[in-house]
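Shared between the two complexes below is chain A, which pairs with chain B and chain C, respectively.
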Partner chain A sequence: MNLQQHNVSDNNFEQCIKCTVCTVYCPVAAVNPDYPGPKQAGPDGERLRLKKFDFYDESLKYCINCKRCEVACPSNVRIGDIIQAARIKFSRKKPTLRDFVLANTDLVGTLSTPLAPIVNTTLGLKPVKTVLDGVMKIDHRRVFPKYAFGTFESWYKKQLSKQLSFSKQVSYFHGCYVNYNYPQLGKDLVRVMNALGVGVRLLDKEKCCGVALISNGFIKQAQKQARVNVDSIRKSVIEKNIPVIATSSTCTFTIRDEYPHLLGIENEDVRNGVELATRYIYRLLSQSEIALKFRKDKKLRVAYHTPCHMEKLGWAYYSIELLKLIPNVELVVLDSQCCGIAGTYGFKKENYQTSQRIGEALFKQIEEAQVDCVVTDCETCKWQIEMSTSKHCEHPISILAQMLDMDS
Partner chain B sequence: MKFDTIIIGGGLSGLVAGNYLVRHGQRCVIISSGQSALHFSSGSLDLLNFLPDGTAVSHPSTSVAQLVAQAPAHPYAKLGVVKFNELTAKAERLMEEWGIQLEGSALKNHYRVTPMGTLKPTWLTLKEYAVAESENSLPWKKVAIFNVAGFLDFYTQFVVDEFRKWGTECESHLIHLPALENLRKNPSEMRSVNIARLFDQTENLDLLALDLQREAGDVEVILLPAVLGITQTGTLKYLCQKTGKEIRVLPTLPPSVPGIRTQQRLRKCFQDQGGVYMLGDTVLRAEKEQDRVVRLYSYNHGDIPFVAENVILASGSYFSQGLVAAPDRVYEPIFDLDVDFVAHRNQWYDLNVFARQPYHGFGVKTTADFRGLYRGQMLKNVYVAGALLEGFNPIKEGCGGGVSVLTALYVAEQILSK
Partner chain C sequence: MKQNDMTKPFDVIVIGGGATGAGTARDCARRGIRVLLIERFDISTGATGRNHGLLHSGARYAVTDQESAEECIKENMILRRIASHCVEETDGLFLSLPEDDIQYQAKFVEACLRAGIRAEVIDPKEALRLEPSANPAIIGAVRVPDGAVDPFRLTTSNVIDARNHGAEILTYHEVTELLREQDRIIGVKVLDHKTKEVKNYYANVVVNAGGIWGHNIAKLAGITVNMLPAKGALLIFGHRVNNIVLNRCRKPADADILVPGDTISLIGTTSSKVPFEEIDHMLVTPEEVDLLLREGEKLAPILAQTRILRAYAGVRPLVAADDDPSGRNVSRGIVLLDHAQRDGLQGFVTITGGKLMTYRLMAEWTTDLICKKLNITAECSTATEKLPGSREDREEVRKKIISMPLAPRNSSIARHGDLAEKLSGNTSLENSLVCECEEVSVGEVKYALNELDVNNLVDLRRRTRVGMGTCQGELCACRAAGLMSSMHKYCTRRAKEDLASFLNERWKGMAPIAWGDTLRESEYTNWIYEGVCGLGADLLRHESEKLESGN
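Let's turn to the complex of A and B:
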């Protein structure tokens, strides 16, 4: 037997040559010396953990799972996966009530949307923030995303018959954010897809992708929700031959890569059937005669921000190329760097300062770019940018929708 | 995704070719599987330090004729003496244009200081580094070397011992700053890059300036490890003005702060001119039509192919997996281009680690104009540049940087002349 051909792990652990390039690009290690950095927390620590589990170090909780270490690694080691898998396997820290509330975006969204005006006002009150900070350890400086009065799904019900009338169809994984916080993005997607001659349907059953459950340690629940989603995706992609598109880069990344790598949920048969809307549209426009018509009366100068999971997917190109297609949109591409929020991470009191320091360079670049708004594919980046800069932030699909010429 | 030229590999070679092509109006993409070997740069580019027969070289532009005679498969031999000299001059000018401040010339090697304090010949060195014009003396009579307390990737005592051999008076000092103490809480992160981030903040740089002024005395030059300027430029200049002293840096063990800055500068320059840089993606397969590659497919982009007139393969050597050593063969993983290597594994290496290692000389076979060969047949639109080429030994000949830069410029010129 030739041993050299039989030493390959799933995460390329043994390919690490200790070059430290990952740590150079780690946004957390750059600002928080309590985090040992991806090399130490990942492959270096893994060597010890393989020997004995009590070499596990709780400081791995500082990893924000941005995967920028993996993008930088010259040896294709899945450093972020090694760290997250170690947390899942070895962490003995139990999630708190705060973690439960932050992680269960589905449940909290369902409870909040019918009472949206009250919930939004209440969460903005100073005494409430003080209590949340003191009791729940949710930082009082954090601005909460607003809940919508009525979900995207309830709006969509009235669109169903029109959507089914299109001969070409996609299934839309809307995610919690579109459903509970910002149905407008979902409406924009329907508008753009319809303009391309494509009808939008929903999956039979959609659960939160589970990214916040994974990062907060609710693994069993994440696996349960992942199975529901993968089953629904299979029905669409395999049984009906309808591809699945999403607008959130993190939901997309989680379904495609975190399900098999971290949750052990196989998706090989449908992985290529799940993608971002901008990539779907890019392909459609480059492979067909279809063209979009844009308004001439409106001008915009925008800056594109590449979210971490978009960087990992490598798909910022599609969003950027679509924005470049719009004649009256002037585009600045910001340096690809982490905004610091990392989902629920930045909401936690103990992480607030790290979160804001990570984002500093990006915020500065945004303020200097002199744009009307920032464009990005990630909802939590949007919250962070809107809270930390003077600019508001839109999804590329919303920019397309705003600039479409619907009269011609 | 349509481009004029697809460049596989985002290191020195790929970036040089990419910058040259976008400057001449081409639409280019660079696909880079992770960050490049520039992150380990000494701060210098070597052109030619020794001939293949071991003769030391002091004037590369004249000695290259002897190299051509000794090693006909060498990339420099394929370029020829005239082209070699034309391209070295061009590279010196272009690097300056792209914002990389270098000193040195192909006419005559100068000498860089290694992390061990010894002197080695080289071609171009980033201007902030300490260099010597002669191989057996330093330009200073009296120097002070500072290290950051707790920084383990820089060994002042080695440098002091070597410098004293050259008759240079030399004292070492330690830098203690409150901000650095915070960093020391985590010894594994006491790295050049993290230290550089602290010195990018003016308040820490001002404290450093005070330290240097107080401790250095009447030396001609202050030498620091290369831990200045990772997100900022002009850090060293600021420090010189603040202290009123001449300050130069010496290389540290990796990661290399000036190397990373060089990589980022070249990448930014490429992107500012419309180049697309895709990091963290791997080209998986190529589709050919007759003797041309027409489509490339990558891990990230799945069914959406890269389409272009030309492809430059600048994927580096073993480190970046441009070449892969399997137990029984050395191969090029993307196109399976023909690779020159010796058949028997026990002849790949010499047990004496300091001897010439045959595996360093293995590489992709090309035509005289650097087009790749597949089973003996030329692929008409696939050009090969940089570390994965056959016919040279970057360690023994001291020519790795030169091969990367010159072959990249050469293939870019070929593409533009079509």
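Let's turn to the complex of A and C:
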């Protein structure tokens, strides 16, 4: 007799035993009473939605998709996925122009970088912010990330031949932020990898990972971009046997997990070939004779912030251990908690307050930590921390690059 | 023990608070008859609350029992109209599997049409599009007007309407004796289970609507009604697997109906004769669980991987024809016995047989007979007058309670129809949830406690679905017990006992299918109540033993 050993309902919501620990760990439920919390919005709600579609509640839009509920769940319920999938399936709210602009990081980045000085100045002007707030519902208190004058990709073209000269290679998924806003991080990565004797390539074709498209409801476009990315990754990982690394924890998480879970894009064959730069480096250093030489003339006291998707990946360990390897870096590890921005979520006027209240405890801890800067693997956490505290924020790869002794 | 003669005069006393008894009380009350309904436990505790909740189109009986089929389709159409808040118009499919004789389909369709049942042969591919959970191997499908009906809501609504028309309802009153004067039954002696008082009630006609227990009630009058208790076991799945009723297109057999009902799906039933001694404590056996799953998977293969919430069994009151003491010639049709004619005993009527689908017709026939005896000419209005809860459009109701959050609002309208307007939902406390699985708010529980004759947590479950969801009382039972205590339904000690009794009643249904996540969750529930809340093991065991002994 088949004793029903397996529950294979889509998303496994039946494994929920209502312990409610997910709701205890939900950063949104703690500050926004309009959000029913992951248990109600996820497994409980899914059961009702299977009864009738009209149980879909638009308040699910308050979910920031941080996946901290999934990390907390002792029953392996993919709570965050259930909520996002329900939004994809049932939401009748059409994305607005604002959502389009926020979601299309690729397009907006392409348009903005050639005009970076003008765009940056304009976006900082008070009247512009007032208009954006009033017309677009992008909160006027929000500080925008600056656009770079010239993309990372255009800088990289000049590096290509040097990079190909290394015998060991990685492909770098740089993401929109490195390409359009902060090419310096990409340059730091190339510097660090080269110091480890590894050349850096780019993928044949890289599109925005699509995380903002997913959260803003542009699913078809997200699928299209995901297909391009998975094809390129496949060429690198399978055909050329070159692993793919990324500096953004959210891009990495999206490619590895959201593609199959939310977009239905299969990536099983290449999923393990995509990882974070810090993990790759940590493993390289622990498995080979290669060692990095660090400067002795510079000291830093830094605090590491664990982004939500880093928590979900379970990889904060690698970034933290890597920072600990640097002799003159003193490290404080902050409590793992959400900073509140959640990608484009915190930019929206209706979410600003929730966003800042979620981050409050983290901001306070940062101010009290008496550090030179905060370190984190996520670019949107960086914007939030820089806007909401007195500290600037760096990627662990940039800290490594700064502390490398390149002369010896 | 005190013994009181109740001087208030009644024309009719109806024994049995199932759908038939409640329907008879309603019909009588609407015709101006002074009626008293007496039930030994809560309403819908017998077979009424222990069946499929299937709104039969009659198709199942079309080939074998034309008369039942015709009654079903007529009542089906009436219930859609008068009890819309208890009915889900899902339609049904009769599926032919490769192992079934496809020739049967033509015979089936022809019989349906002859009985007045819409029966439309559809392409198997179309059937799978309509109901993706159906077995993809099907070779034939017929679409019929089946549906789902919630027996708890239906009975409650009949009771409310009866009371609105002057009927009196006594639950937790057990008839211990029929009062007899020569060749006439003149009333009943009842034991009030709550106060332990014994009382006499008098009426011109006493109606035995006790379902299978009607056998014993008739015995009190020294009359034998040849009933055969037939046990039917069912399984409840954790969520709604199908949205259309799935049947097998073959001669009716075991476990060949899968019904979607509210948040869940039900597979059933088995059929086995049981002795009368067992009818108060039905337990589902491992063989029945195996059979239900094995057959159920043929209708919808996904059932093999779907979490099962509970197993339960009811007892059908099958009646053998009077001229057939062997009991072979059993009927599922309506049996109305006028004991004056049959046994020379005046003032006593038994209504039995039939099924949930025909409860209203059974009530109509019974009330017609009562009217004849009492020389009353009033016409039956139960087929045309809508039941309380079904009188207003759902959209209108929605607008009136718009302040409630969406999920409990939708759920309470589904449960109470337009009576949901009575739910107070203006404060955040009243909008907060007692039952998270079924979205039952504090306001809804308060409404049930104030207006729907709730005496304990199990009654509350029948009125609101508290504890019927996947957690089976884990989170809601203590909240509900707390509310009942704070609203002075009972004291703290009784609240604890009731909580233990409720949890044991939930466990009774889980025990036959306790594996996988259901077992895991019940262990967690046990840990919460015993380990965290300190609900003593002695109390739980004591209540469990009481349950086993059927007390």
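Everything that follows uses one rule, which is that the second predicted complex is superposed on the first by the 404 of 408 C-alpha atoms of A that agree within 3 Å, B and C clash if a C-alpha of one lies under 4 Å from a C-alpha of the other, contacts with A are read in each partner's own complex, and residues count from 1 in each chain.
One rule holds for everything that comes next: a contact is a pair of C-beta atoms (placed from the backbone, for glycine too) under 8 Å apart; a residue touches a chain by one contact, two chains touch by 3 or more.
The model shown is predicted, which means the values in this text are computed figures rather than measured ones.
S.K.: Quick one: is A:Arg283 in contact with chain B, with chain C, with both, or with neither? Answer first, second, both or neither.
M.R.: first
S.K.: Quick check for you: in the superposed arrangement, does A:Gly314 touch first (chain B), second (chain C), both or neither?
M.R.: A:Gly314 sits against chain B, while chain C stays out of touch.
S.K.: Applying the document's definition of touch, where does A:Asn272 land relative to chain B and chain C: first, second, both, or neither?
M.R.: first
S.K.: By the touch definition at the top of the document, which applies to A:Ala72: first (chain B), second (chain C), both, or neither?
M.R.: In the superposed model, A:Ala72 contacts chain B only, not chain C.
S.K.: Using the superposition on chain A described above, determine whether A:Arg47 touches chain B (first), chain C (second), both, or neither.
M.R.: Touch partner of A:Arg47: chain C, not chain B.
S.K.: Quick check for you: in the superposed arrangement, does A:Val24 touch first (chain B), second (chain C), both or neither?
M.R.: first
S.K.: In the overlay, answer first, second, both or neither for which of chain B and chain C A:Ala361 touches.
M.R.: first
S.K.: Figure out whether A:Phe166 sits in contact with chain B (first) or chain C (second), or with both, or with neither.
M.R.: It touches nothing on chain B or chain C.
S.K.: Pick out the shared contact residues on chain A: the ones touching chain B in one complex and chain C in the other.
M.R.: 2, 4-5, 17, 19-20, 36, 39-40, 44, 75.
S.K.: Please give the residue numbers of chain A that touch chain C in the complex, ascending.
M.R.: 1-9, 13-20, 36, 39-40, 44-45, 47-48, 50-52, 54-55, 57, 59, 75
S.K.: Which residues, counting only chain B, touch chain A once they are in their complex?
M.R.: 1, 33-37, 39-40, 182-183, 185-186, 188-189, 191, 193-194, 197, 231, 254-255, 260, 271, 276, 278-282, 298, 300-304, 319-321, 326-327
S.K.: Sort out for me which residues of chain C touch chain A in the complex.
M.R.: Touch list, chain C to chain A: 238-240, 262-263, 290, 293, 304-308, 405-407, 410-411, 436-437, 439, 469-471, 474-475, 515-517, 520-521, 524.
S.K.: Please give the residue numbers of chain A that touch chain B in the complex, ascending.
M.R.: Touching chain B: residues 2, 4-5, 17, 19-21, 23-25, 29-30, 33-37, 39-40, 44, 70-76, 272, 279, 282-283, 311-315, 317, 333, 361 of chain A.
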